[in-house]
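Shared between the two complexes below is subunit A, which pairs with subunit B and subunit C, respectively.
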Partner chain A sequence: MKLLTANFLSCAVKACKSSPLSFPLHFRDAELASKSVPYNPLLLSNLLPRLDWPALVTSSKELGFTLPDTKPELPRLSTSTGGDDGDMNMSVDGGSGVGEEDEKTLKMLHKVLMETEVVEGKMVCGSCGFEYGIHQSVGNFLLPSHLV
Partner chain B sequence: MTSTVNPPLVPSDTPLKLPTPSTSHITSQAVYPPSEDSYLLLDAFSLPSEVAFISTRFPAETPSPLLVEIGTGSGVVSAFLAAHAGTLFGRQDVITIGLDVSYTANTVTNTTISKACSQHPETSATFLDCVTSDLTSCLKPKCVDILVFNPPYVPTSEHPSLSTLRDGRQQKVIVNSKSKKDYDMEDYLFSLTYAGGDKGMETTDRLLDQLHEVLSDRGVFYLLLCAGNRPPEVVERITGMEFGWKMERVIERRAGGEILSIWRIYRS
Partner chain C sequence: MFCFPRALPRIPYLQNNGQNFPLKYLLVKPILFKKCIAMAATVESLAPVCSQLPPPMREYLIHFAQVHETFRKPELESLAELFNIEYKILRYTEKAPFALIALKSPEDAKTLISRSILAKAIYELWGTGTTYDELHTSVKSRTSHLWHLYKTCSFKFGFESFNGMRTEAVKKELIEGFSYVGFDGPIRMKNPDELFVVMEDYEATSILDPVRFAALKIDDAVETPARNPTHLDEPHQVYLARFLAKSSRAAIETYDLKKRNYIGTTSMDAELSLVTANMALVSPGKLAYDPFVGTGSFAVACAHFGAITFGSDIDGRMIRGTKPGKSLRSNFEQYKIMDRYGDMFVSDLTNSPLGRVAAAGRSERIFDAIICDPPYGVREGLKVLGSRDPSRPKVPTIIDGIAQHTRKDFVPPKRPYSFDKMLNDITNFASTHLAPNGRLCIWLPTADEDFNEFSIPTHRNLKLESVCVQNFNKWSRRLLTYTRYETDREEENGIATATTDSEILPDAVAAGEPHDPTKAKLARTADALNPFRRKYFEGFKTPPSEDS
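And then the complex of A and B:
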């Protein structure tokens, strides 16, 4: 399971959905692997506005990564359709290239969010304490019958 | 008839021809193979009118959409949508998550999607993960932008319970079954892929009840129904809810003894 995925998961117990403690779930006993994913700066810049940054900082810290306390300000990237072949070309609004600092931030986010895999481990709800297992990178969120 | 609910389909609206993802790596008998219903979903998303609808609903300057499929099975639908995101959604900065109650399905879907995306790097979205989950119960509320569900829609006298999966040990991949226990598990998992209970709607109804807690404000839900599910009754129920849903038919096709249709449900 990618670290980024944790930003979209919360405890499956119905009563926990409304509790702020059920998100993010807390990684425990995580075995990590690094999995190569194509670098996509456009995706990162368009994803950032919808991410829960404090939750991401928490998840990252649990897996041994330090993210800045506040959400980085990145230039808005956009695609332009270049030529008749329909290739997508990357450009920054305003025409300038991505600055060196921004590029560094994007690469760091890519490594932490996209390329960090939890292969084995657990995710624990801060509200009810239920532990969801992660096995071969697949999280198991099927609750036992008595909790449904 | 449903024709009173929908504008007539434009005859010139023929689906784009995009390659279907390979599922040749799947040997497990416990996984639903790509079938007529799966292909109807691929065709629905390939209609130029649907491409236009989604591109208008999720313009390039808006935050990246999250695409979620419930019950991925072989993974062919998610793989198709992920591999051709640039063509079908007008943007490649889409993230996808696959959900299935079967660990075996999740394992094969991981491969189906990853393979299809690596074959189409120029149009592919970013596939995040498969998660073992009953419907969308693992997701944070209101985060799904494009939801796809090819449910267990066949009307059956009995509706298989999930308790075998819920209360058992960590599921293992069911492939090349040799023991009676494995064969039984295979049959059980396969029954979960199609058996829909009363009117074939028992699983779908559970999702419809919580749809407003699942979709984002801009979210769209694509649902496959068969005639036995009584689509006009579903339309009446959805549009009668307090959430301002619209429900429109995207495509319909006769497949063997069934009439299958794909519907989109969203807030206008």
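And then the complex of A and C:
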């Protein structure tokens, strides 16, 4: 389970969907692993607008990472094959076209979002307290019958 | 594949509109070669066959693979949408591999085809006709002013016949028929600078079409529909075209299931997985999700095209794999696409953890593409979380003082689920989680003999883009592609739209039947809930997954 994914998940229990406490889920007893993943700045720059930053800061803190309080601003990268309107045609090869400061931010995001994984542990709902297990990096969000 | 024999007598420059070649061009070959490419792309243009085309539009020929015919055009249209390319399809039939399309530039042509799985290549159209005489007239009138551009490049002439055959000697003779273009460059069988291909279409059904039949010029004596259409003597349409670019068809080999580290009985084949990712407009930096990920066929295809891919499945064993080194993740490692591995998790669509509580600046619409091949429920019947007994009190099961669901080996109970309810849940989920203009692609079964058994699911926020059908021996399945409207739509009058997923009723809402809770009866057998499963056991003998 990556921090990236945790940013999209809340408690699966229907009654919790309206409670602000159900997002983000809180990591507990987390066993971390750092997996080397190829650096892909284009992906990161596309991800950034979809992240809920305060939630990411919370989750990161639980795992021992400190992120800036406000979402960093980055130019949106695109490639010719992206087909993504290409409004800003910046090259991403070798980071050319990306400033040093942006590069640092991207590398930090890469480490936190893409390379850090919770291999074993739990995610706990702040509203109902239900514990979701993480086993072999795969989170389990199945609910017992009394909760569905 | 054939070439002009070097010794062939040529008609020197007669057809050349007076543009004879200055001697210097012949002396400085390397420079000319570069020039030749640049000029072909910019300065000179082809005279159109089709006179109604607006000025920048020119004709190109797409050579398709003659497979999955109903998918070919929607795939092409999706790619044009993805790359924002203006196009007009001029001639297309599902019965032949050759299609004509108008595009603004050779660059557009190359880009458009670059990601196609069902096209093989794109060509610049040099001429076409129903006979070789017509073809030669067409080539001369359209391209004689271009011939000098290819005067000294190395080149090769290829030959493609669809549904017909030529002996090597005849091919050679037909190719030599184009010697008037006067190319003097070296003939190279491998990596020529320019590849020209003669294409023949012996479309089998042309014999049933009077106009096309006339073009065949078959003797009266043999003019009978019983004549074996696969052995027509002459093609009804011939083309000459200059090769521009190859498609992504080679990716089918790369992702071949036979060479994949981890697969299951329901893995979708590489070709259709990649086509589906194209239909979903997956591209670098986008986010894709498969709620029935299984062994990850779609996930791998989406990652191939650059998307960060997420997936979930109600069965965690599928994701983790049962043998060491054989897991969904291992496939991403095999293909070296780990930078696009988002996450895989165990969950059920009806109780999904995806989504976040609404707040300022926070959107639930996070995915650009949702792709799935939901279970058809043939082997085990569809299952969803919950108890089979709806009257069971909603309290934790406690044995010996331990709440059973907190045990490590706890397996949550599941109950049967209706196919129609599942479709409803998928479209609702897509409506909630797709970004503006994001796409939903669903594979669904449909029986041949009663196509209407499963109506195509509708949702007020989803626009149906295309329906593609794959036929098997006794059944068929189809790929439905939808686009999420940018904003929510009002419910339309008279059209039964998706019901809310806030409450799970005992599902016995048959297809087409209005959703009326008072009428809904307690049906808890798999067959009662799944018309496809019932039909399957009534008549189909081949399990669907093994046909795929």
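Simple rule for what comes next: the second predicted complex is superposed on the first by the 133 of 148 C-alpha atoms of A that agree within 3 Å, B and C clash if a C-alpha of one lies under 4 Å from a C-alpha of the other, contacts with A are read in each partner's own complex, and residues count from 1 in each chain.
By definition in this document, a residue touches a chain if its C-beta (ideal position, glycine included) is under 8 Å from a C-beta of that chain, and two chains touch if they have at least 3 such contacts.
Since the structure is predicted, the reported quantities are computational estimates derived from the model, not experimental observations.
Undergrad: State whether subunit B and subunit C clash or fit side by side on subunit A once the two structures are superposed.
TA: clash
Undergrad: Could you look at A:105 and tell me whether it touches subunit B, subunit C, both or neither (first, second, both, neither)?
TA: In the superposed model, A:105 contacts neither subunit B nor subunit C.
Undergrad: Between subunit B and subunit C, which makes contact with more of the residues in subunit A?
TA: Comparing touch counts on subunit A for subunit B and subunit C gives C.
Undergrad: Should A:116 be classified as contacting the first partner (subunit B), the second (subunit C), both, or neither?
TA: neither
Undergrad: Considering only touches as defined above, state whether A:148 meets subunit B (first), subunit C (second), both or neither.
TA: Both: A:148 reaches subunit B and subunit C.
Undergrad: So, does A:42 touch the first partner subunit B, the second partner subunit C, both, or neither?
TA: both
Undergrad: So, A:19: does it touch subunit B (first), subunit C (second), both, or neither?
TA: second
Undergrad: Under the stated touch criterion, which partner chain does A:8 make contact with: subunit B (first), subunit C (second), both, or neither?
TA: In the superposition, A:8 contacts both subunit B and subunit C.
Undergrad: Name the contact category of A:60: first (subunit B only), second (subunit C only), both, or neither.
TA: The answer is neither, since A:60 touches no partner chain.
Undergrad: Pick out the stretch of subunit C that clashes with subunit B after the overlay, from 45-53, 135-143, 405-413 or 513-521.
TA: After superposing on chain A, the clashing stretch of subunit C is 405-413.
Undergrad: Where on subunit A do subunit B and subunit C both make contact?
TA: 1-2, 4-5, 7-10, 12, 17, 23, 37-38, 40, 42-43, 46-47, 50, 78-79, 114, 132-133, 135-145, 148
Undergrad: Note which residues of subunit B are touching subunit A in the complex, please.
TA: That would be residues 60-64, 66, 86, 91-93, 95, 97, 101, 103, 106-107, 110, 121-122, 126, 128-134, 137-141, 143, 162-163, 165-167, 170-171, 213 of subunit B.
Undergrad: What residues of subunit C sit close enough to touch subunit A in their complex?
TA: The touching residues are 82-84, 114-115, 281, 283-287, 306, 308, 310, 312, 314, 316, 319-320, 329, 336, 338-348, 350-357, 359, 361-363, 366, 385-387, 392-397, 404-406, 408, 410, 412-413, 502, 504.
Undergrad: Under the touch definition given earlier, write down the residues of subunit A that touch subunit B in their complex.
TA: 1-2, 4-5, 7-10, 12, 17, 23, 37-38, 40, 42-43, 46-47, 49-50, 76, 78-79, 87-88, 114, 132-133, 135-145, 148
Undergrad: Help me check something: in the complex, which residues belonging to subunit A touch subunit C?
TA: Touching subunit C: residues 1-2, 4-5, 7-14, 17-20, 22-25, 35, 37-40, 42-43, 45-47, 50, 52, 55, 77-79, 81-85, 114, 131-133, 135-148 of subunit A.
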